[in-house]
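Shared chain: subunit A. Partners: subunit B in the first complex, subunit C in the second.
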Partner chain A sequence: MDTQHTEQSGELLKFVPRPSRPPVTITYGPAGWLKKNMFGNIWNSLLTFTVFALLFLLLKPFFEWTLIKAVWTASTRRECLAISPDGACWAGIFPWFNNLMYGLYPDALQWRVNLGFCIGFLWFVPLALKKITNKMFIALSGVTLFPFIANYLFLGGERSTFHYIVSCFALAYLLLIYGNIFLKYMGKKQFEQYIEPFTGRLYRKNTFLSAHLMILLLLTIIIAYLLGNLTLEYVSVDVWGGLFLTIIISSVSIVMALPIGIVLALGRRSEMVIIKWFSICTIELVRSVPMITVLFMSVTMLPLFFPNTMELNKLAQVLVAVCLFAGAYMAETVRGGLQAISKGQYDAAKSLGLGYWYMMIFIILPQALKAMIPNIVTSFISLFKDTTLVSIIGLFDIMLMARNIAIDKNWLGLHAEPLVAISVLFFVICYTMSQYSQRLEKKLKTNR
Partner chain B sequence: MKKMPKFIVATVASFAILFSLIQAQAAESTLDTVKARGYLNCIIGNSFVGFYTVDEKGNWSGMDIDICRSVAAAVFGDKDKVKFNSVQWAQSFTSIKSGAGDMLSKGMTWTLSRDSSQGLDFLDTYFYDGQGFMVRKDSGIKSALELKGATVCVLTGTSSELNLTDFNRSNKLNLTPVVFDDASVRNTAFFNNNCDVMTNDRSGLAAARSTAPNPDDYLVLPETISKEALSFAVRQNDSTWANVAKWTFAALVEAEELGINSKNVDKIRKTTTNPVVKRFLGLEGDLNKGLGLPADWTYQIIKQVGNYAELYDRNLGPDSALGLVREGSLNELWKKGGLLYSKSFR
Partner chain C sequence: MCGIGYYFFSNVVENLHQMELPFGFGFISSTAGFDIGWSIIPYDPTMSYGRVYLVGIVNTLILSTLIILFATLLGFVVGIIRLSQNFLLSQVARWYVECVRNIPLLIQIVFWFIVVFSTLPPPKKSYALFNIFFLNNRGFYLPSPVFETHSGWTLIGALAAMICTIILLKKSRVFRRKSGKRLPILYPALLTLFGLVAILFVSTGSPIHWAVPSLQGFNFHDGFFFPISFMAAFVSMTIYRSATIGEMVRAGIQSIDPGQIEAASAIGFSPFKTLRLIIIPQAARAILPPLINAWLTIVKESSLAVAIGFPELVSVFIQTSLNQTGRAIEIVMMVMGFYMCTSLSISFVMNRYNKRIQMREG
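Our next item is the complex of A and B:
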């Protein structure tokens, strides 16, 4: 009750109008947003103008250089300079584009790289589909089986029968995954369930598993028969390069980092003295030296310990070094996650009668890793960018390829444009990774 | 306790195997290793215009590349039986020591300390260079001694940087070095007026000048302040292999002296009556025996790669990116006043 207006002063209530409300300020829509955030008061307005003026001053030359005055078609840098001396010369990127992507990989064989990446990509598509249930298994199979196909395609050459069969098996596995996805979306039963009645007669137990294996075996044989021991032309690791090599190095190290990191992190928290100190030493030693040192060590020092005649594969040396490095960093990230898990979880797991490995794998690690997703993805992103360091030891990754344009006879001195181009590429890739991690976080957080 | 002796035995055995391997590799010459392997491992750098560059097809070209190809042609009769390993500067010495590379040819200056304490044997110089200065024409500077108080763009970690310091101290010029890690970045900085002078080997200056928006705006000063003998090297204490590399280069120079090049070598080989040429091309005598090479090794070098003049014109000469004139320079034959002098093929 508003006492002021209803106060009785004699016989009648006197009407006193309320003070009128101020005019409606627009607080919605773009105009409202602008007013609220940019021009709220005089100082804000001043600040806005200054910032925009600064931005304009900074961005105008940049846009002029990259777009307005840029040259898109020319055959040499000299020509570019003749057309527009202070614009970017993008024309130099196009003849080298294939090299930025594939390094020195022979042009005629680049389809193998594309095909390999397509297969790899297909393997991870089901992980984003909603109806798929055994995602963990598909991811694991991808990580273990895909390298065989990749090796077969990227490297080529004579391969052992074992390798050939595993590659066929991997293809068969992928086919089966897609077959089942197709059936699932059609609302039908899985392939295995169709075959189960037959295999059930052979093996009473595990009818599903035996059906599964039976199909895989059949598919493998069919694929092996169709391909007919196909031998691809050998492509030496020396000519691998560009984004292709960057992705190879970073994906191998990303895949390896997590297991290495988990093992080291568990080792560090272990109560077994030797394991504990081994883990601590590895982590601290690797973490306390720069990555470039680890790379140099693996490339220059390692050959000194091996006999002269032994041909060391530079890529393998680099991969070992990068995996070790990534693993040590990942170990600390995982350890952070492990420490965030309350003691109650351990006690609860133990009281259920779970042993160490069951407790870790089913109770602790899923929670710890989930909590650490932002950190893990951050280290993946920084790992992806760190791999450009391998250009320093002479692997033709995208960075070294970009720098090589500046020394090409036709494009002598063209060094800024390639760097701008690949930084755009890196931004796209890293941004995608970070967006994926945010999606993953949202999806996994739902049960908390 | 029972496992202890086993462990010791295993350790001893593995050390024994390791030592025997080391012994084995010490006894063998690189020539045998290369022959057995079937190709030559050549150590080069990441990229150096005119000396080693890779094009978008992955083909290497340049002076150092041709030197390595000549050695491959001499040993295998096939200039393509060579693998180029591009390594960083610091790595070049260890790659030769560890045997990852059979020979090093990466535009490296022959210096006493590198020759004596890096496990290398420098063999011969294929390009005589010297450090110079480049300025903008409109600065009006005509001599390096007028550079008082200037800022100088220089690559860090190179002998150019050290020479610059020496030159600065001995002439009391009060120069300020501006160091860069990457030649392209340094060039851009110089062209954008971030420093007054740029210093490098003269060949490098020529290359940089050719990348300028307007090359005629720049002038290379006449002074040469250092001696840069770009030479190739092999692992120390391997004379058999050193001979092969050394005489391969000698053959390039000798061929030019004799007027033999890749175009006329077939004709000369058929028609010549000159005993010197006959001996050189392996038609007479057995000069190849001592080297452990096939009889036609010089023919293969000249046929497949060319003589020194062809190498120079292709990679460094007026029609190349560097555009270095050979006449009157140290890289002429001794007959024309240069320093190239092949020892006697006898």
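Our next item is the complex of A and C:
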């Protein structure tokens, strides 16, 4: 009101304009951004400076400890303390590095673990390539065939003929995948299409499939012949450990959790009362107790369920427990995925005359699983973190290895550094995975 | 399936027979014979396994209740900071959340226990706050109330005052709904709350006082104390869960349509009123269901304190008692039963509350 002056008693009302508004503050460019986000008004600026000061006070000692005053080369902890009493002693991590990664796995045989992980990694690389079409099949083969190779590489020792043939077949399959990828990127035809004319003469129907199988058979025989004399030294499960064991437990259980989860989730929606209640009870029981009790149960109670002549190894017991645990949680994830499928899909499948299993396997589950991939990655992250719990029941995973550094006589009392080191390792792995899952989530959302 | 079930069952019977440990809960009344580091309820080694179970339950509940309380508070602070207009502040909150979330809880618990709390100074040089709270490498000492005779009156008075206030609040709400006018409720409520209690307290001769911990010899006496294993578990789990709760709070607040806030300011609500009447009631609907889950997780997660030797249920029962008695099935069943009951009852109560505050459609 104060800006609009009018003559009170005069006959004419004289128009007096308001003063013009101040110019718009700049909100673009670095300066505008700073002004908008950090120094908008006096309180905001004050806040920014306070936070800066606090961060400086907090981070300065941390960086001094971890980097500036740290000791990188020393042979004992005493030496470390002599050089720099209030800096980190990273020198203690290096002699234990192999143990942190592989546990007590013999040094000379660690290439087998590396090779195994490389093969596993190769199996999943095609999933990230753009031109590849049958990704579902490659993933499925990776989960079913790769464990045979990995098992033999990690464990070694005696091998059964069946195991040997399947491993060779798996290798052949991997070779074929990569051969075809190579050809595809060269812009050429697939291997199968080259030999289709020959196999077509032998068997008329399904020429592509028969060519595919023929190549696989030939490759398997060649590989089996080449690797015939290969023998690997036996490495007991008891010496497995470190990050290697952590990765094994978490990946085996996430892979097993998926089928268990699907079965339990379908069971929960089933119309058969016994199956329904069995599934509900299993899911709710496992979900309402802590993981550590499930682990203790598998260690103390599980042996009672088997004849006492049977020798159970601790890793197998732990795997059973973790798979069960992860499966129950996965069941809820799958249930969420199934609920997200619209009812029209079910109706359409039924009206086409598909039975229950056909409908589930070809219509519902592929859609549900695709929508669930980010959730599966998230549960893999939490499982990966929870795997550290196996150290409580005495498996030599990375956590227990890190704590064992402190009782090495050269590095007595070196507690903080190993813990910080493995924390950083976990952070890097988990953070990358969570960023990946967020990206995936965005991508899947836009795909719809 | 029945065949497999029978196979397992017969193995169990066979094994138990060979170990000469028939199935049964008779061991509960036998003497435990081991000491427990810390318990609120009286305990000594001559007591039974049943008592051990109870001590474990009480310790677990105390630990998880405190974590739930503080993690929720801290989580709300983190979530609100995360939404701050100030870029630096919100980034600090973001990296706090990322760092805490992506490091396994067990590592954090062990870190706090071994690196932080175990390296605190000994009792003689302990950190003191106002000479009432003391922190050293044995634990955290704080004053405890001591109730003398006649103190019951004050407690009864406090209870009565609380009930009166609640009735008063309800009455005033009914009145406001009917007439649209606000009753001046604050002062009468405060008067009943503090006045009644103060009068009773003084008239019965001030029967409640604080026992302040004091250093005698090598250790503190009087007052109340939490061992460092408790403190480490409490601090690490509070921080860990505050990060996840913070994310829930952020997501909940972000789920509100910005039009709601604009509408509130358009009809002249102050920022505080907008927060209290527009944002919080709507955000609560989105936050509560995941928050209930987080609380259930906290109760379950508190069992990780076993790693640093805090005597909670898993530690005293599954570890120590099971090692002594060898009764795997019964003990695992009892512990799992407790966790199931707690989870189910929390989710039952909270889901009812949740149903009440959710939007009623149609």
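Assume the second predicted complex is superposed on the first by the 398 of 448 C-alpha atoms of A that agree within 3 Å, B and C clash if a C-alpha of one lies under 4 Å from a C-alpha of the other, contacts with A are read in each partner's own complex, and residues count from 1 in each chain.
The rule we apply is simple: contacts are C-beta pairs under 8 Å (C-beta built on N, C-alpha and C of every residue); 3 or more make two chains touch, one makes a residue touch a chain.
Predicted, not measured: the structure shown is a model, and the values here were computed from it.
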Original post:
Since both structures carry subunit A, what do subunit B and subunit C do when superposed there: clash or fit?
Top reply: clash
**OP:** Please indicate which partner A:I392 is in contact with in the superposed arrangement: first for subunit B, second for subunit C, both, or neither.
**Re:** both
Original post:
Touch check for A:F296: first (subunit B), second (subunit C), both, or neither?
Top reply: both
**OP:** Figure out whether A:H415 sits in contact with subunit B (first) or subunit C (second), or with both, or with neither.
**Re:** both
**OP:** Kindly classify A:I407 by the partners it touches after superposition: subunit B alone (first), subunit C alone (second), both, or neither?
**Re:** first
Subject >> First (subunit B), second (subunit C), both or neither touched by A:P85 >> reply: first
**OP:** Once the structures are superposed on A, label A:A331 by its partner contacts, choosing first (subunit B), second (subunit C), both or neither.
**Re:** neither
Subject >> Which of subunit B and subunit C A:L304 touches, first, second, both or neither >> reply: both
Original post:
If you stack the two complexes on chain A, which partner ends up touching A:F426: first (subunit B), second (subunit C), both, or neither?
Top reply: second
Original post:
So, A:D238: does it touch subunit B (first), subunit C (second), both, or neither?
Top reply: first
Original post:
Is there a shared patch on subunit A that both subunit B and subunit C touch, and which residues make it up?
Top reply: 296, 300-301, 303-304, 306-308, 392, 403, 415-416
Original post:
In the complex of these two chains, what residues of subunit C are touching subunit A?
Top reply: 8, 11-12, 14-16, 18, 85-89, 92, 98-99, 101-108, 110-111, 114-115, 296, 300-301, 303-304, 306-307, 314, 318-319, 322, 328-329, 332, 335-336, 339-340, 343-344
**OP:** Within their complex, state which residues of subunit B touch subunit A.
**Re:** 21-22, 24-25, 28, 33, 37, 46-49, 53-58, 83, 85-88, 90-91, 94-95, 97-100, 182, 184-185, 187-188, 207-208, 210-214, 320-321
**OP:** Show which residues of subunit A lie in contact with subunit C when the two form their complex.
**Re:** 37-38, 40, 44, 47-48, 51-52, 55, 285, 287-293, 296-297, 300-301, 303-308, 381, 385-386, 388-389, 391-392, 399, 403, 415-416, 419-420, 422-423, 426-427, 430-431, 434
Subject >> Contact footprint of subunit B on subunit A as seen in their complex >> reply: 77, 81, 85, 95-96, 98-99, 103-104, 106-107, 238-239, 296, 299-301, 303-304, 306-309, 312, 392-394, 400, 403-404, 406-409, 412-413, 415-416
